[in-house]
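One chain, subunit A, links the two complexes that follow: it is found with subunit B in the first and with subunit C in the second.
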Partner chain A sequence: MLQFKLVLLGDSSVGKSSIVNRFVKDTFDEFRESTIGAAFLSQSIKIKDPKTNQDVIIKFEIWDTAGQERYKSLAPMYYRNANAALVVYDITIADSLLKAKSWVNELKEKVGNSTDDNDNDNDNNNNNNNLVIHLVGNKLDLVEDDPEMRSVATEDAVKYSTDENLLFKEVSAKTDFNIKEVFQTIGEKLYEIRQKELDNNNNKQNKGEINISLPRPSTNDSTSCCS
Partner chain B sequence: MGHNDFLSNAVPVKVNTLNFIPPKQRELKKSPSMPSFYKFENYTKHRSASINRSSIQLHDTNTPSRIPELLQEPPVDTVSVEDSFVDLYIDRNEESPVRSVFNRASSFQSTTLKRRSDITDPQHFDRYGFKKRTQFITEEEYDRWWSEYSQYCIRRKHKWRNFLLKSGLSLKNDLPEKFPPQSEKLKRYVRKGIPAEWRGNAWWYFARGDEMLNKNKGLYSKLLKKVEENKNNKNIIQDLDVIERDLNRTFPDNIHFYRESFQKEEPFMIQALRRVLLAFSIYDTEIGYCQSMNFLAALLLLFLSEEKAFWMLVIITKKYLPGVHSVNLEGVNVDQGVLILCIKEYLPELWSKMEASMLNTTGQKSISQFEILNKLPPMTLSTASWFMSCFVGVVPIETTLRIWDCLFYEKSHFLFKVSLAILKLSEEELLERKLSISQSILATFSNESLEHINSHGSGGSANHRSRPRVEDMTQDDYDMLFFQVIQTFPKKLLNPNDIFEKVIFKKKMTLNKLDQEEIDKVRKYVSSQRDKWARFNKVLNKDSSNNGNNDPGNKMLYKNLDDTSSIQEGTDNISLSNEEVMDTLLSEVSGFKRISLSGVNWNNSIKIRVKNIRQKK
Partner chain C sequence: MVLRSTTYQNEMNETDSSKNTSFVTSLMKSWRISSSSSIASSSNTNEPLTNNNNNNHTKSVLSSDSPFYSSPIQSTHFDTITNNTGSGTTTNKKGFTRKFSSSSQDGNFDAMAKQTISIRKSTSSSSSSSSIINNNITSHAHTSTHSHTHNSNNNKTTNSYSPLRYVSPSMTNLESLKSSFFRQHHTRNSHHNQYYHNTPGNNNSNNHNSFNYSNSPAIGASYSSYNGTGSLENFPNDNNNASSKYFQDLDEDWSAVIDDFNMPIPVMLNGGRGDHASNSNNNSLSRISTNSSITNFKPSTTSVAPLQYPQLPLIETRSKEEIENEREIQKLNSLMKRITKFDNILNNKHIINLSELRQISWNGIPKPHRPVVWKLLIGYLPANKNRQESFLKRKRQEYRDGLNHTFSKNHKRDIPTWHQIEIDIPRTNPHIPLYQFKTVHESLQRILYLWAIRHPASGYVQGINDLVTPFYQTFLTEYLPQSQIDDVENRDPSSYLSEEQLKDVEADAFWCLTRLLEQITDNYIHGQPGILKQVKILSQLIKRIDTDLYNHFQKEHVEFIQFAFRWMNCLLMREFQMNAVIRMWDTYLSETFSDTGSSMSTSFNSDLMSPQTPTQRSTATFHTTPQGSNHVTTLSLHTPATTTTRFNSVTTLTSVSKDESDPTKVKQSSLNEFHVFVCAAFLIKWSDQLCEMDFQEIITFLQNPPTKNWDENDIEMLLSGAYIWQSLYKDATSHWL
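Here is the complex of A and B:
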């Protein structure tokens, strides 16, 4: 079992808590109390090791945060040591994408992002943490009911995500569309990164703690280096 | 007098039991003199629960002289008496400009009208209109507990009545407006719970609401007018959107706050909540609107008239929790630092675990108190919300209200006391859970992952670490478990006496030493320490940028501190006087331990002096 810390960020009422609750408890409340401070939840998923085809259990420890601007001053506490960030916006509110973008910038500036594979061997990389960032446009159900409500075009978000090397999906916490997939993708990505790190540190006895050491140029492609 | 609104022009109510019989045991009563706690019983029949309150307000012959001017203002919902018990959500006043502002439906609202139908059956709700069942408590559990607790409430109310009568205070209409002067006895009574119908009045009295209101006569309606005039001006009402988005996310499971799909107009409570929050946001522009204030205001609205609720919100954010809701949230960070020092002082076992956790997260061999106070351990992400919302939503409602009783009587140190009590109880729960979870992990593990390891031999590095045994639960596992416990455990504290009698109220309990002076002192200390850290890092940051220091972790921290410190300097209530800085420098060497001990000694010496004086008398 691998454990990863995942943090949810995004403007107020874009549906962060709803996404987590759909993922963790498979429930949805139309009316959900605003999150104060942060909520902590955990959930495990299974992924397949792409090389050995074995099941791997990934446990997410999820920090769901309050969305209001002023809670940003607490944010470093949330994303300290985070392995992944889910940055959420509401596809019916254009402004919420702007907020999401500012979160992405902040994360990149302060934690770093390594969704870009080419980055991995880059020793000059300022990051000491391979943070996976997944952008998510929520409330797809509203747009399905009434296409007029859409305020953020899918193509725009896709383009932004490509430019910034983010993972991206549009989802609906209400209809449970693409929610599990988002976490699945993040899990696979984190696993991939972890394997690379292990390869890079293949001489070290790895005890399995969340490993934050700088990636070094790989000389060994084996996946089972430490077993 | 607050909830005169509940009892209004009451038939002198036979106090003893009526108010405390659980709703489902009572027959439906239609009298408008019913306390609004019970109005929801009529709800399914008449769908008029929240509007009853407004009609009651006008009905209320006891409405104090300050309120009428407000009630006469158009912004306040002016529903006539005859309107009660019909569906008042129909907008009968569409032309009113005020209504059009306040009914401004956002896209959020328009999509959120549906409700499950089971929600309307009154027996599922408690006396305040909250759903009995929560994620952590079943309705059966609730009913079982309530059948006993309601008896306790009746007994307490008897005692309160006698106490008040002996003190020569009026119990007119079973609604005292004045309470006895401060005393140990009164404190004990408050800690055992103020009768629910008196709460509004008692809170208002203890928090000196009248002083506030008298100084600011008519201001609330002026604020409402200003809100109305600037309804589309986001430069003046900056928090318009944020407030709007939170209205329907405030007590969505309370019958006074949710709207049935057939209701054309928003519930009265939502409208009142909007007015209070908007008015506050332009009244105190340093705070504006901070998420969590929606819960504070909403709970106040259940117990006090709109104008009083507004002033109580002002009192809470200014006097009781200064800086906690400010733009940079520094007040809440300071309070978390204080809480940590209190843990160190009063719950040393928990402290050592926290310390281990912080060392694990930071990868350091040692961590100074100075650093802890400034970086704050992750646990404070949970506990911050305890302070911001004064436990609304953190513990079940009856427990929340008991905490509020004491908060207004004993001031903010009580929140620390409750926090410590909850943490102490959580610790016990943690031990139990740790055992059972370790066992269940073992079980799951042998069913799932172990299989893979067995069948595939070296199952890849991923499986490497996890072969949990009770004794080698990792620090990460422990931390996760701890977060889970402190988040879920308080939600099960259905019975206020579980923490009040067993922990807070307990004699010989070390917690009793903790008092307001000590908290104020430590607050000052933590605040100055954080301030110093910020300045310190500003200097360091300049150095490090010159030296080309590339450590992103530090950079992140520095930047953040820079931001907060620059804001800090701008705000009066947080910036420090020379005297305070000197104080910090003096206490720097020995830190909290010295401060706290001297605080305790100082308090003790005061107590002894007071005792002596009393004896002389």
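Here is the complex of A and C:
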């Protein structure tokens, strides 16, 4: 079993907690108390190893952060050691995409982005330079009911994601549309990166270096860096 | 009480004082003794009035008892016990004397447990449970100081070191409990003996697992009265009985004492009252049982003399309904008494005695009184009754003016703030119907928005929407007939309030919210330094109070901020149901608010005039300096006893209150500080479970603590625990930052 830390970021009330709760508990509440600080949940998924075609279990440790600006100073604590980030916006509120973009920028600046380019060299591994960022436009159900409500065009978001090398999907936590797929994609991506690293390490080992990467035992073990 | 603490301090100086402190600490931790014991007894000192009749009665009973006790220790000990039953009967003389007294005579500690919890500070009968639970400590103190103070002092001493017992409802593992108990006391044994070496009647001072309280036969007796049939075996089988919930681990501790104590234990019976049956027994006080309990009584054992473990009737022999009835009766009686007391305080005088009110409110405010008492405690409503009406009128108008101005066309709407509040309001208390009504949404929107734009340094922060609701909901009840107060959560306010009345409620909630947030501004300004500080204090507290838990968190890489941030930000509101929160606020508002604002100038004077303030409780701490006076020097503005002692070095933040008029008034916030102790007590409550968990389990557990069914009793236990921790550590916390 592989364990990864995932953090949710995004403006207030875009549906971060709803996405997580749909994914972890398969529940949805129309009105859910605002998240204060951050909430922790965990969930496992199964993915297939593309080479061996064997099942691999991926366990996500999820930190669902609070969206309000005032809590922004807490965010670094949660994304610092994250392997993946889910940046969420509300497709009915244009401003929320701006907020999402600023989160993406902050993440790239502070943590780095694995999808940026493929030439991650091993020296950067310990800087946790492999963050997978997935952009998510939530509340698709509202738009299906009333197309007028859409404020963020899918094309715009797609273009932004391509430019920034982000994974992207529009989802609905309410109708459970695309939620599992998002986490599935992230899981596969993380697994791919992990395998690549292992290969690199093997190469290193051949050169006489030993660098064994193991999943962190705990989310916020600041001493060990999951890479 | 003062005498008590000084003697203890002397002791501490003789020995290693740090060790002493840790001894008391771990004593508390391991016993997790609850709660009302301390409050109850503190009432004795703080409210001489309430106990006057009680004392008289005690004396008379005591004198009839005294021939049975040979040593001074014993008599002091029994004095407390006597007091119990005595007070039980007196208080209920009018109502249901027979039933009530029989319950305590009967040793129905099941019933008494309930009593312990539900009883308020002022209820004289509550001293019973406290003194029983704390006897060991009391006598411990007596023996150690060789002081022969008894009777009147005795009650008071109880409160200083009452080891609050926290009985976790989920505590099921007796063995682990036992072992932890042993582990903790084992190490302190030698240290302990220093207290006892001269104690008369000290025959076997090295009891591994006990505090040596068994040295005094009288004390042993009090345990034995609970312990009749080897309760260790008894209680685990007794899980269905409500009593086990309260007493299984208590009982465990006691049996540990007896197991190790190889001498016969005289049987103390009938709660120490010298009644007919006990007269026949010179050395041991035989117990009088009620009809229901006598069924299980074996004659052979009762008649045999002192050197035998008592065979007590089992608790479960009493029918459930009987117990329930008694509880109901006790509850009603004490409630009625409390209501009368509040009536007296609120109605009898021209100027309401706020310190008295604060004191009595600590243990809960009756629903009909709550709205007005909250307004008084928080410093919104003036204590001078002549001024109240005009004051309210003015403030309510001020609120309306504020609204008119804010929502006029001249005022530019702060869109982000408005929007944030707008999206938070539908998800405020989403499980309570009241907060789904449009009327309420609009009310809260107005209150929060007005507050936010008037306090730009902080602005609206998520969580403040939670904090306004207890006020709003409570003030609504003012407009409901008493019988419908509980209905407030289900009714649309517009169905029973006029537009103007609704605005009045809003205004009151707005001003009270303002007052509340003034005290905790640091929690919501940029970077939220107040919260970070509190989280740090919490972690330092736990490090000292519960090292095992702290180390476990370290090992699992659990950071306090990961779970405690919300505790601080929402004052634990998210952790409990609304009724529990409101009960908690009774205490918060009375414990932690020092009213120094302009509107309270009158109340302030009355504080000065009244010598008994809640602060006397703080003598229970290990002050080496006279009551915290060193802290007050900085705020020379107001130095009545209340403000000085309740004032805390932790919360040295003294902010000049921003709103209106008097710029010279100084706010002292001890709300944050007390809240940290509540959080500590809350965390420690789950200590045993948490130590078994890994990181994920811990965080998940603490984010969803099993408190859904917590009622006022549970909250009271928690608050009492917090109170004790505070009395032990309040002056230390400033050094940890």
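Everything below uses one rule, namely that the second predicted complex is superposed on the first by the 191 of 227 C-alpha atoms of A that agree within 3 Å, B and C clash if a C-alpha of one lies under 4 Å from a C-alpha of the other, contacts with A are read in each partner's own complex, and residues count from 1 in each chain.
The rule we apply is simple: a contact is a pair of C-beta atoms (placed from the backbone, for glycine too) under 8 Å apart; a residue touches a chain by one contact, two chains touch by 3 or more.
Note that the coordinates shown come from a computational prediction; the quantities given were computed from them, not determined experimentally.
Contacts of A:2 after superposition on the shared chain: subunit B is touched, whereas subunit C is not. Legend: residue contacts after superposition of the two complexes on their common chain; A:142 is shown touching subunit B, with no touch to subunit C.
Of the two partner chains placed by superposition, subunit B and subunit C are both touched by A:71. Judged by the touch definition given at the top, the superposed model places A:52 against subunit B, while subunit C stays out of reach.
Of the two partner chains placed by the overlay, only subunit B lies in contact with A:194; subunit C stays clear of it. Put simply, more of the residues of subunit A are touched by B, taking subunit B and subunit C as the two choices.
Once both structures are placed on chain A, subunit A residues 12-13, 29, 31-34, 36-40, 42, 61, 66, 68, 70-71, 73-74, 77 are touched by subunit B and, in the other complex, by subunit C.
Remark: subunit A residues 1-3, 12-13, 29-40, 42, 49, 52, 54-57, 61, 63, 66-71, 73-74, 76-78, 80-81, 92-93, 109-112, 126-128, 142, 149, 191, 194-195, 198, 206-210, 223-227 touch subunit B in the complex.
By the touch rule above, subunit C contacts subunit A in their complex via residues 420, 423-424, 426-430, 459, 461-463, 465, 524, 526-528, 556-557, 559, 561-562, 565-566, 569-570, 574, 694-696, 699-700, 703. Residues 12-13, 29, 31-34, 36-42, 61, 66, 68, 70-71, 73-74, 77, 217-222 of subunit A are the ones touching subunit C in the complex. Subunit B contributes residues 107-108, 111-112, 114-115, 242, 245-246, 248-253, 258, 290-292, 294-295, 327-330, 333, 361, 375-376, 378, 380-385, 388-389, 393, 445, 448-449, 452, 456, 458-466, 474, 476, 480, 483-484, 487, 550-553, 555-557, 559-560, 563-564 to its touches with subunit A in the complex.
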